[in-house]
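Below, subunit A partners subunit B and then partners subunit C, in two separate complexes.
Presenting the complex of A and B:
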């Protein structure tokens, strides 16, 4: 008698097989480059999904994701409540509903190009290295290709993903190109209701002297899985400047690969994770310094309540050629409840000698002395805690120069706090 | 301690570059045939006249090892190790006890001389009758020493002085015979046989090592020391050390390692287990200077060591200090399991790699008890084509209220062909715990070098001075004599890396 295999590995294998079967069934109708898609399908079939034994996934088990089932998307309309959650800022809107481009809700770009209707694959993603990227490549149906011409300021683009919670799985694929000297602020908002899978891949090509500001708000539904991967390649004197506010989803993983390919390129990967209940969120960054005089800055703050688990993995790689690298990384966590957990793995891998690289990590509760200071001046306990948490987050939030985006994020943080940040202590 | 002090003289006397301990002693060895199987394990056990339970324990460990695979997560590259191409047992041939030093195998004596072991201790080590009871010099710090020659502990000095205090310090093979109840109770209780690949291998084939037992309330009257040497060709050295500190006791233990210069890569897989009960303190210091291979990266020791201390009692303390300058490959994570409330774990480390050396070393601090504290200070220096990795884990359990950790990892790069890496894991499950970690990477500043050069120091001396300053926080934790030796070692290991 044979016993059917069980456990996380079997569940991951079964899920990968089911995704490949879905691809096989629909492959003739999926838009875009079928060759790229087929290559990734072979990778998913061969490599499956990331398992618990993989170093990069040691703190984020994907078993709950593997055991959930998602069906392909259909055209859907978002609720008014969902639409109302979009930030009210002046921007060119690119709205995707359940992963599909929604032209009625979107605006027309001026001075730059946007194409939609098929996955914008680009060339930066590495499906052979990142298994979820292979999954995305295999099943992607839509995405935005944004192209900003040289020395053009494209202003602010709101790239919104709205999920209606119909137990669907979608794999958006966006590609953003900034030609030399171009500028773009991308407000990347992913919100939704209920249970679903959002597995987006975004690739950024930042040419010499170009600057992209990537401001992300992940406020997915309480039952959702958000698994995103970003690749940014920055040429000489270019900047990839990003901030991610992470509030939602049952299980979230944001993985960012930034490569500083030309001298004087810079990357900022700041984030704030605010988690409660039994949420699990993982912010993973890999910054590769591949040219001299490059700089990277990372400030990642975590506020954890309830039974939530926060994960930060940050790696700075400095290639032999990348002399005069300046790398800085700070990861701090506040544990506000007895059952919260923080796992942090800041890593340095350095092959050049004339560099200045440092990282720091702290984990702890709110400072009792600081609380006492505020209480002794008549500030009520709850308010005192709110003030301290807000102050804790400011180092990550302050660099956001886009006023509207920052105001929207501040409001989201205030709402999160009002909703229960103080309850579980 | 005289041994280290005179080792120093040897160091100072040598002015040319290269490995100063690159000699091998040509004495008759008794060797098991190459290869590893149950019969070899039975042979080792029979040679040591071990009780059945220990043989069973070894065989069980071997069965576990066969099912395991070599770990690959460390940032180390080496050709696969052929575990069947090694001798798992090598012992100097025994003669009847010599009456005086004149009768001792002159080769063995010459080895001791080169190791820098003083005459009287040499006599004791060589087993000269009546030498054991000799009084020690009053003006010298006393160190009791257990020399491990390849796999066999040759002799233990100052046994009688220690016996008066109730301290047991002897080769573990002797402890198996004389204190079987203690060995059986504690062996494998900190590092179980299935802990990892190399610990399982060690459990199956360990041949000797030191055993230390400090009774309740006793402050060990002298520093205890083990000098490890690898002598024979193609032998693996698998020593096993077990230190038990009963309630309220204190012991400081020094471990030094050298190995003759050999072309082949030699395997070393030791296990060290420490147990500290209520209010007990164990201070464990290591200066590791195994042969690192030549400047082309040929040869050298593969050092895969499992070291772990268990703070079982309240207010107990275990402190690891290590200076790692040798070995072609170092894979070593001296750790503390902080179980007793208010227990303390410390890890102070200097790891220096030059030429083609690779070191992947660090610590694990597991906080289980309330108000447990740990401090980690790690200094990595990479030169030449070497790679140096700090890998550490700090884990705070849910129950560890008020736990505290401070970690500092600094890396120094000398030259643009080497690598320095930091891989810390920080896991906290208790909101009242406070953890801090910081790491920096830098090179020797031009202005520091200029300052020293301007005052007449050669570039090499200047680098040595700056590196010693960089390591000061760790070196000051070493017992004084060891600290002096360690400073010289750092300077010597860096030879040829600048200019």
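Presenting the complex of A and C:
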């Protein structure tokens, strides 16, 4: 006997059905591999969207997202104000507006290849396991396939997503391949105005000895939904080095799956979430150590004001073969108001017997002694608070070696603080 | 410079200061001595504006201004400096940046031009050298990993850079060996002059051999029970507090 779903489940089902209907109506015109797309459409039709009863989603209810319907729009132009928010750094620009590649705003790569115009599906994503990835696969229209040849340094690529708002929904699909010994710094900036859905999937194939530095700034519009999934597979001696600055969106979820597939592979999944008002942001990581001598580092800092809610879920899985694994995970939250909330869920699954794995979580307020010390030296209270918040973030920010990106992030943090990060007691 | 009349203060409803009367004229260095629990640190915190202390009565003026009504940062900009008994560690805050931020905040509050990074570093390096502080103490995080002596020297460095009109030194001698004590004392003595006053709070007479005060006051049970010249400190050292604090006998 089945019981008809009601409440949040009914809303999620209705939303999934509407997205499938949108796919059905447009499927003959969508670019790329129609077979991959159809498989995911069947998954969305059968499984729907992640619901509150799923363990991985219990802290992040998608109902607010399910209550709105987001659709692609005709080609739009970003405002000057939006363009001005892009970091001013020396980089090959790949600009997407409302999910579509914008060639006039983009540059031409030298020494590596970029293909756009259709979803870059790759083979690492798992739409059967991740429902939002199935949604992305079903509706993806564009993306960048970036291919860096062996022993080539591609320098810095600015992958920018600009959203113009107005209930637009887009599902970018990027695939990044680094051949052995290759190098790439990817500045991944997602910004926008108003209410919209950005549901990107990025997959990284990092071959032996290759290094990708993935520096992300999520500064989406105040009414936006940002639901992103990253898969990174790292071969022997390779590194997936990432930092995510999370500032924007009404509801955000960044999910990162990193698999250390060869000996001496490494992954750094650092993040800073700065939230205010009634924002909700969820940073979820799954690191799988599948080879010996692999290392993972996660330093996740949260600064929460207003009625905001931060979520961190970090899972480290160590396979039996992955001896001498070195896993470190630290999640810290600074609550600047009585109504802010942090939910932290570390998970360790260890099947090898010679490993070093540590994790920790702290939640606290600004230290009254530190605040008084600064003020007693003449530093005004608001400036003293800003100094202590910045100091709190330094452990996550300082490892960013790309100076231009770090400067842009520092400026974004300062702007966040100036416009509303101040304490609302 | 500093005029305190009948100052009463409490913490969590418990009376600590029970009517302090004290005047520190401009250019003078006064010492406050007293046994543990006499209210020495409370007096320094009340004067510098730390939260959690309730002023129950009396007045405190600094250069004619009612300092009890001012925010801590306003007191600092007016020229008041507290050298902490336990300097606070600030992980993630570079010492040089901290010092420059503090100095420029005060200069800004007084309508003076701010110092740029180059001007500041030149100044800070010169002062650090005078205090026998290695240059790398400016590059480290504020007080993080500093020894007890280094923390106290860092307090004196801040004082030297901020050039206060009145410095309150709260048991600056605690935890210092004799060499560090001499360096700290030299740092304070270097600032002495017609526009610098200090209130040196200490438990022991030792520090006062190196910073010779103009006046010595004995604090007991939240009141000044005796005042005198530097010889009073020696009398204390010889006879203990019992002679001045009957209840402590």
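Convention: the second predicted complex is superposed on the first by the 417 of 425 C-alpha atoms of A that agree within 3 Å, B and C clash if a C-alpha of one lies under 4 Å from a C-alpha of the other, contacts with A are read in each partner's own complex, and residues count from 1 in each chain.
One rule holds for everything that comes next: a residue touches a chain if its C-beta (ideal position, glycine included) is under 8 Å from a C-beta of that chain, and two chains touch if they have at least 3 such contacts.
Source: prediction; values computed, not measured.
Superposition note: with subunit A as the common reference, subunit B and subunit C can be accommodated side by side. When the two structures are aligned on the shared chain, A:278 is found in touch with neither subunit B nor subunit C.
By the touch criterion stated above, A:348 is placed in contact with subunit B alone, subunit C being left untouched. In the superposition on chain A, A:395 makes contact with subunit C only, not with subunit B.
In the superposition on chain A, contact of A:69 is made with neither subunit B nor subunit C.
Contacts of A:115 after superposition on the shared chain: neither subunit B nor subunit C is touched. Of the two partner chains placed by the overlay, only subunit B lies in contact with A:358; subunit C stays clear of it.
Using the contact criterion defined above for the overlaid structures, shared-chain residue A:323 touches subunit B, although it does not reach subunit C. A count of residues in subunit A touched by subunit B and by subunit C gives the higher number to B. Look at A:383: by the touch rule set out above, it reaches subunit C but stays clear of subunit B.
For the pair subunit B and subunit C, the model built by superposing on chain A gives 15 Å as the shortest CA-CA distance. Against subunit C, in their complex, subunit A makes its touches with residues 368-370, 372-381, 383-384, 387-388, 390-395. For subunit C in complex with subunit A, the touching residues are 48-51, 71-73, 75-77, 81-82, 84, 87-88, 90-93, 98, 101-103, 105-106, 109, 158, 162.
Those residues of subunit A whose C-beta lies close enough to touch subunit B in the complex are 55, 320, 323, 333, 335-365. Touching subunit A in their complex are the following residues of subunit B: 73, 396, 398, 411, 413-443.
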